[in-house]
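First chain A sits with chain B, and in the next complex the same chain sits with chain C.
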Partner chain A sequence: MTAGVATSRSGRWAGPNGFARLVHAEWTKFRTVRGWVIGTVVAALLPVLVAVLAGVSSDQRGSQTVPVGPGGEPVTDSFYFVHRPLAGDGGMTVSVSALSSSIPSGPADLEPGTVPWAKAGLVIKQSTRQGSPYAAIMVTGGHGIRMQNDYVDDTAGPPGPASAATVRRLRLDRSGDAITGYASADGTHWTKVGTVHTSGLGPAVQGGLFVASPPAVDGRGTRGSVSTAVLGDLRGQGNWAGGDWTGTQVGPESPTFAGYPRNTSGSFTGAAGRLTVTGAGDMAPAVRETLPTGGTLGDLLTGTFAALIVVVVVGTLFIATEYRENLIRVTLAAAPARSRVLLAKAAVLGGVTFVAGLAGAAVAVPLGERLARSHGVYVFPVTASAELRVEFGMAALLATASVLALSVGTLFRHSAGAVTTVTVAVVLPYVLIANPFMPASVANWLARVTPVAAFAVQQTLVRYHQVTSNYTPYDGYYPLAPWAGFTVLAGYAVAGLATAALLLRRRDA
Partner chain B sequence: MRQALRAEWTKTRTVSGPLWLLLGTVALTVALSACACSVVSCGSAGCGDMTRLSLVGVQLGQAPVVVLAVLVVAGEYGTGMIRTTLTAMPRRATVLAVKAVTLTGIVAAAGTVAVLGSLASGRLLLPGRAFMAAPGHPPLSPTEGPTLRAALGSVLYLTLIALLSLGVATVVRDSAAGIGIVLGLLYLLPVVSATIGDPHWQRLLQRIGPMDAGLAVQATTDIHSLPIGPWPGLGVTAGWATAALLTGGLTLRIRDT
Partner chain C sequence: MGRSRVASTATGPEPGAAYNRRHESISNSRLTAVSAPGIVVAGLHKRYGATLALDGMSFSVRPGVVTGFVGPNGAGKSTTMRVILGLDAVAEGTALIEGKPYRSLRHPLNHVGSLLDASALHPGRSGRNHLLWLAHSQGLAARRVDQVLERTGLAPAARRKAGGYSLGMRQRLGIAAALLGDPPVVMLDEPFNGMDPDGIIWMRGFLRSLAAEGRAVLVSSHLMSEVQDTADHLVVVGRGRAVADAGVAELIAAVSGNRVNLRTTAGTAATRVLTQAGATVTRAGGRDTLVVSGLPADRIVTLLGESAVPFSEVSAHRAGLEEVYLELTRDAVEFRAMTPTEAAR
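Let's turn to the complex of A and B:
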């Protein structure tokens, strides 16, 4: 008799059809509680609201245009350039016998310092226009000889610094769009560093010497530096224009240029036999620290955090209310397969939250970008696929967090403890990594192991090994790749769900 | 009133939840403060406000206070106890008042321990971060004017947060919703204000947010560059708490249980 009842009961809820019924039952519970539906709608609206607020409240109209490289990315294109026009193909050689940098230690005094990416060498550039294509070979402060082109590309050459004892010789040849860089220690044996293809150079280019000196990282900030190089034996091959060399500070007003330390400026002295060139700035992609006024999709989606708290409350209540109202006994009597009940709840909650989150993100991202741009804010560019990833990532983040809240709610069987636990587990690391004074190591560790790792799905900035900067979550750089970060949160949710299922089976209702 | 207070105190004393939450407040406050003091990295410009740094744990320690205060009233709704309470004490304003008084007492007591513990951790740990070598960085002392204000203000801040939570919980009558609303109110506004590009709006949000404004009381240096002064800032939090309590009292009075 008992066996018969059990069979008929479990038969009704067994199989794929049975699970569909369970899902339907949970969906009916969800949609008929007004507070949960309102909460879900609010969770979708909050990111939109914050994106609009962030867009409308900013006003950078009239600020300097951000230089953009050939690849469309924002760049720093500010350096000291000693140049002459070169028509058609040709080349040049130079020797570098010193490259030293200075960093201000106080308001008035400069101290010698190490700037690993200080650069001195040869460059062929379309023009002195901001963001124009170029190819260069250079001695650096701490990374040996490098060949770089079009801001983002970097090829390593022979290592070691330049000094009076180890004079470095550099050579740069142009043949159409192909530019080849060579390095030599003695001037007779040349090693090819690389050949790069730079399109859009045009028939007549500017060629010559350059010195750049990017800001040095100091604690959580940076300080502008200045570098001086001693160069000699400058020889040109090909159709170089006659006359004197011209010294130009390229991009002096650029928003990505931190300027010179006080009482210093770019200059060159001497003749082709021996030149002393002083410069600051960089020829490199812009990062968050060099372009602090720039906005990212992650900034526009700060409302995700607000939506997260609402989603956590709704997710917890979805199970805790059953315990409070003793509905859980009816639920488990009707569907004795307890894990499946929990799965059905997770499916409904996760599905609804995903849809709401996606709707919110799909409105918030384009709207926020549009408003920010119309208020003169430079938004770091993203590809269409990255934008889609940010939107789906936000929806997945909210859905997974709601499942985590559901699991913790099942463990606690009590809404207050569960809401606080999940909120603090997410809020605390988020508040900590959003603090600019947090040391990078601690912030990066938090963004690896805590649920906030999932915010990596909103990352749209790119790190460059050839730009020294504080790459921290505060600046929009997460230590994990987008979906790897999401996996950390998903891991917490899956572990929570498994524990909840286990306890739900073993415990009395 | 005396009997009502006694009844409320008995309720608080005889369940284990409040004690654990108060211990949690002390532990979390001191732990976060100690962590912050031991990992702080200082640029050449110095490390800023040391008192504020060693009281940073209050930002976390307020979470258990919120839970405690919400549960004081929403817990009764959850179990149906509220009907018994209101039958025994038909004057609803009195019910809320004694809850507020009891809560103030226990939160102030735990808050004092938490704040003194945080200052002590700062005093012990900060010299290890090469602070005291620089001139103008005397050891933290709770008897010195601005530090005393920061310490006292932090205790008052925790109390006001408890009262704000009590008011909100009385209005929503549900613990999860109450905790969600108060924690959202506290933690969201600072995060949102950080994304606001316009400094004018940003300062406005920092002036009206219950956490940003209230914690201005912890500042001991550069007071003139703050969006809001220490005591006016705490006044803003007090305004939030008063408004929440009044709304709670009013809804408790006019509504059925």
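Let's turn to the complex of A and C:
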């Protein structure tokens, strides 16, 4: 059988033109009811309106600029740096015999705790400027030895912590743009952890020791932590300038702004033989929690939800009105192939909603971004393809939800019950995941199995395994990839449509 | 009902059975003459829960005549029409349009035009747009929409929202929809409902003109008076089946039977004389009129003359269609008020 051609209920050949005629008829039906057309236009305008409101409502002009890494992404670049200038190629080695962290348990109390991504080791960095390129090898609180560079890249080295019993030795060599990290347990046998290419370092870099200690996640919030490392046997190879090591707090100078717990600050004591370095902060990509003032495209498209409700109402009425007015009998007398009638309805409704949604998104996203940026709001950057995906994703989300509403409307044959059902199926999980106090496991489960999974198409934030944070839908992180989340909603719509078609064929009209 | 129960007191077979038998021979002869009549319904059975909606409904509708489809509410008229249109499924039986099941028709509106419910429209859509989507579903052009609007006289109101139409205008819109595909078969359910007298007259003429164009026209009504001046042929239904299927003239003749109207001032004496001679006598509409069955008119005259009972007139009894209808459907009316006679018991 040719694709796109189905047989009628009686099994007879219905012809390729039949479906196009049904689509034409359903389109005529749709466009000739003013309320549906207005509803669709409103659904397109709501995201634009909300994006404009979001864009103009917050004024952050004059606030601190967000540090941006070499890749253009926002970064956290705040740590304690014990450094000297290094001209040209060279390297250094160090031993780490302790890395301990403290987390405040009360206003004035610090208690020892585990900070898995506390870091202590060697770093070669273009400068002490925030966001400058770097490469580092380090011991971590809970993830063994790692080699990281330019904020986003992370390579695992030998596992295990550093202690007096298991002293970890680290080595970092620069040769042009290539920086190689090594690890050793005895100072004789070195294991290469990785070689990374960091462009833009320039001829003279700052090299030395660093300690960072990212905030510990505590329920919905975080608590600033501080970590102290004991490092020894510091040796340099190459053209190291200057006689003394300099201690610098990279990033905000005020300990409070740099993320230190009360009454603590970054410091180093001792000499090259044995140094004790205390630091807080992180060298890592920024996430929602570390950049709470940053906006996302998803934030700008909050109006999608309002549009969704309008679309659900229109989609339900598109069929429920036919039942209410007994018009369904006229429809089915004119076209006895019932499944095809339903498909034609779905095609028209989904198509119209998709076009409206795409038009709304194509205006809302750039306009909202522009307004927000002109008001000094930092918007998490996205690639052009991700922005297109967000726009098409919103259109697809609305279109698919309208088809789901049409299906449920067909099942119920009654608008009130169908609108309530679909709205509850979408609104309830949406409200639950929008609640910051919802446990992450529940919120993520809801965003996996309910229709709101489709909101993943608006996700532009990236989840980093090397950054501990609350990754929940509330923060803009969805458990499913964008189109995988959309597929969940599409699954509901397809199942709904199939059930509706089955019942429509079985029931007396 | 003031009228006496003629048929039930008459001896002989049930009138309905007689018409059915008669009809079988008629329809058989017609079937040989006409290859595929407009609508052929055969042995429809349908049940809604405990209620038997259709119980062997069978009849056919010929082209070129208006067939009245009459019966009390709940007798199965609308259900039958929905079955013909493929909207409702049946447990048994077939309904064919020009020899084919409705659901096999590729563009059904080119074969059957139907009006089931004049209110079946979206109130926010104009009449013209209502017809337009129907036309598009059949691949018909907008020009055809304007033609049927002209023909039904709805053109001036065509661009107004249908929600504001009177019932009469909705009926016209429904007729316009039925005519879109210029179908050889037209089927209308209660088209006279809610029409004003002008509308009823228009509708009658319109139905006749459709039949005159050679179309098979089936018109249902629960009131015989609405169709008796329009229909050439009647299918009377009760309790889910056709109790009569015959021409209007045949039907009247058959119900009238060989009964005689007797006008006399000495009703009691006449009844006694004629009953002794084996006749059945009942009192008819007029105060002085008796209906006599079982004796020919000349024998009645002789008997009354011998017994010196005065009378002023003896004539063949001629039943009205309304009476025919009531007789045929008496058993089929599910909820009817008791007659005075029954109430007196």
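In the analysis below, the second predicted complex is superposed on the first by the 490 of 509 C-alpha atoms of A that agree within 3 Å, B and C clash if a C-alpha of one lies under 4 Å from a C-alpha of the other, contacts with A are read in each partner's own complex, and residues count from 1 in each chain.
Just so we're on the same page, a contact is a pair of C-beta atoms (placed from the backbone, for glycine too) under 8 Å apart; a residue touches a chain by one contact, two chains touch by 3 or more.
Note that the structure is predicted; figures quoted are calculated from it, not measured.
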Legend entry - Room on chain A for both chain B and chain C (clash or fit): fit
Inset, instruction - Could you say whether A:22 touches chain B, chain C, both of them, or neither, answering first, second, both or neither? - result: second
Inset, instruction - Figure out whether A:454 sits in contact with chain B (first) or chain C (second), or with both, or with neither. - result: neither
Legend entry - chain B versus chain C as contact partner of A:423, first or second or both or neither: first
Legend entry - Partner, of chain C and chain B, that touches more residues belonging to chain A: B
Legend entry - Partner chain in contact with A:105 - chain B first, chain C second, else both or neither: first
Inset, instruction - Look at A:434 in the shared chain and tell me whether it touches chain B only, chain C only, both, or neither; answer first, second, both or neither. - result: first
Inset, instruction - For the superposed three-chain arrangement, provide the angle chain B-chain A-chain C between C-alpha centres, rounded in steps of 10 degrees. - result: 50
Inset, instruction - Quick one: classify A:60 as touching chain B (first), chain C (second), both or neither. - result: first
Inset, instruction - Scan A:35 for contacts with chain B and chain C and give back first, second, both or neither. - result: both
Legend entry - Which of chain B and chain C A:221 touches, first, second, both or neither: first
Legend entry - Minimum distance between Cα atoms of chain B and chain C in the superposition (Å): 11
Legend entry - Touching both chain C and chain B, counted on chain A across the two superposed complexes: 35
Inset, instruction - Spell out the residues on chain A that touch chain C in their complex, using ranges where they run on. - result: 8-10, 12, 14-15, 17-18, 21-22, 24-29, 32-35, 321-322, 325-327, 329-337, 508-509
Legend entry - Residues on chain C engaged by chain A in the complex (per definition of touch): 82, 85-89, 101-106, 108-109, 114, 116-117, 119-126, 129, 132-134, 136-139, 177
Inset, instruction - Note which residues of chain A are touching chain B in the complex, please. - result: 35, 50, 53-54, 57-60, 105, 218-221, 223, 295, 299-300, 302-303, 305-306, 309-310, 312-313, 316-317, 320, 324, 372, 375, 377, 415-420, 423-424, 427-428, 430-431, 434, 437-439, 442
Legend entry - Complex interface listing, chain B residues touching chain A: 39-44, 48, 59-60, 63-64, 66-67, 70-71, 74-75, 78, 174-177, 179-180, 183-184, 187-188, 190-192, 194-198, 201-202
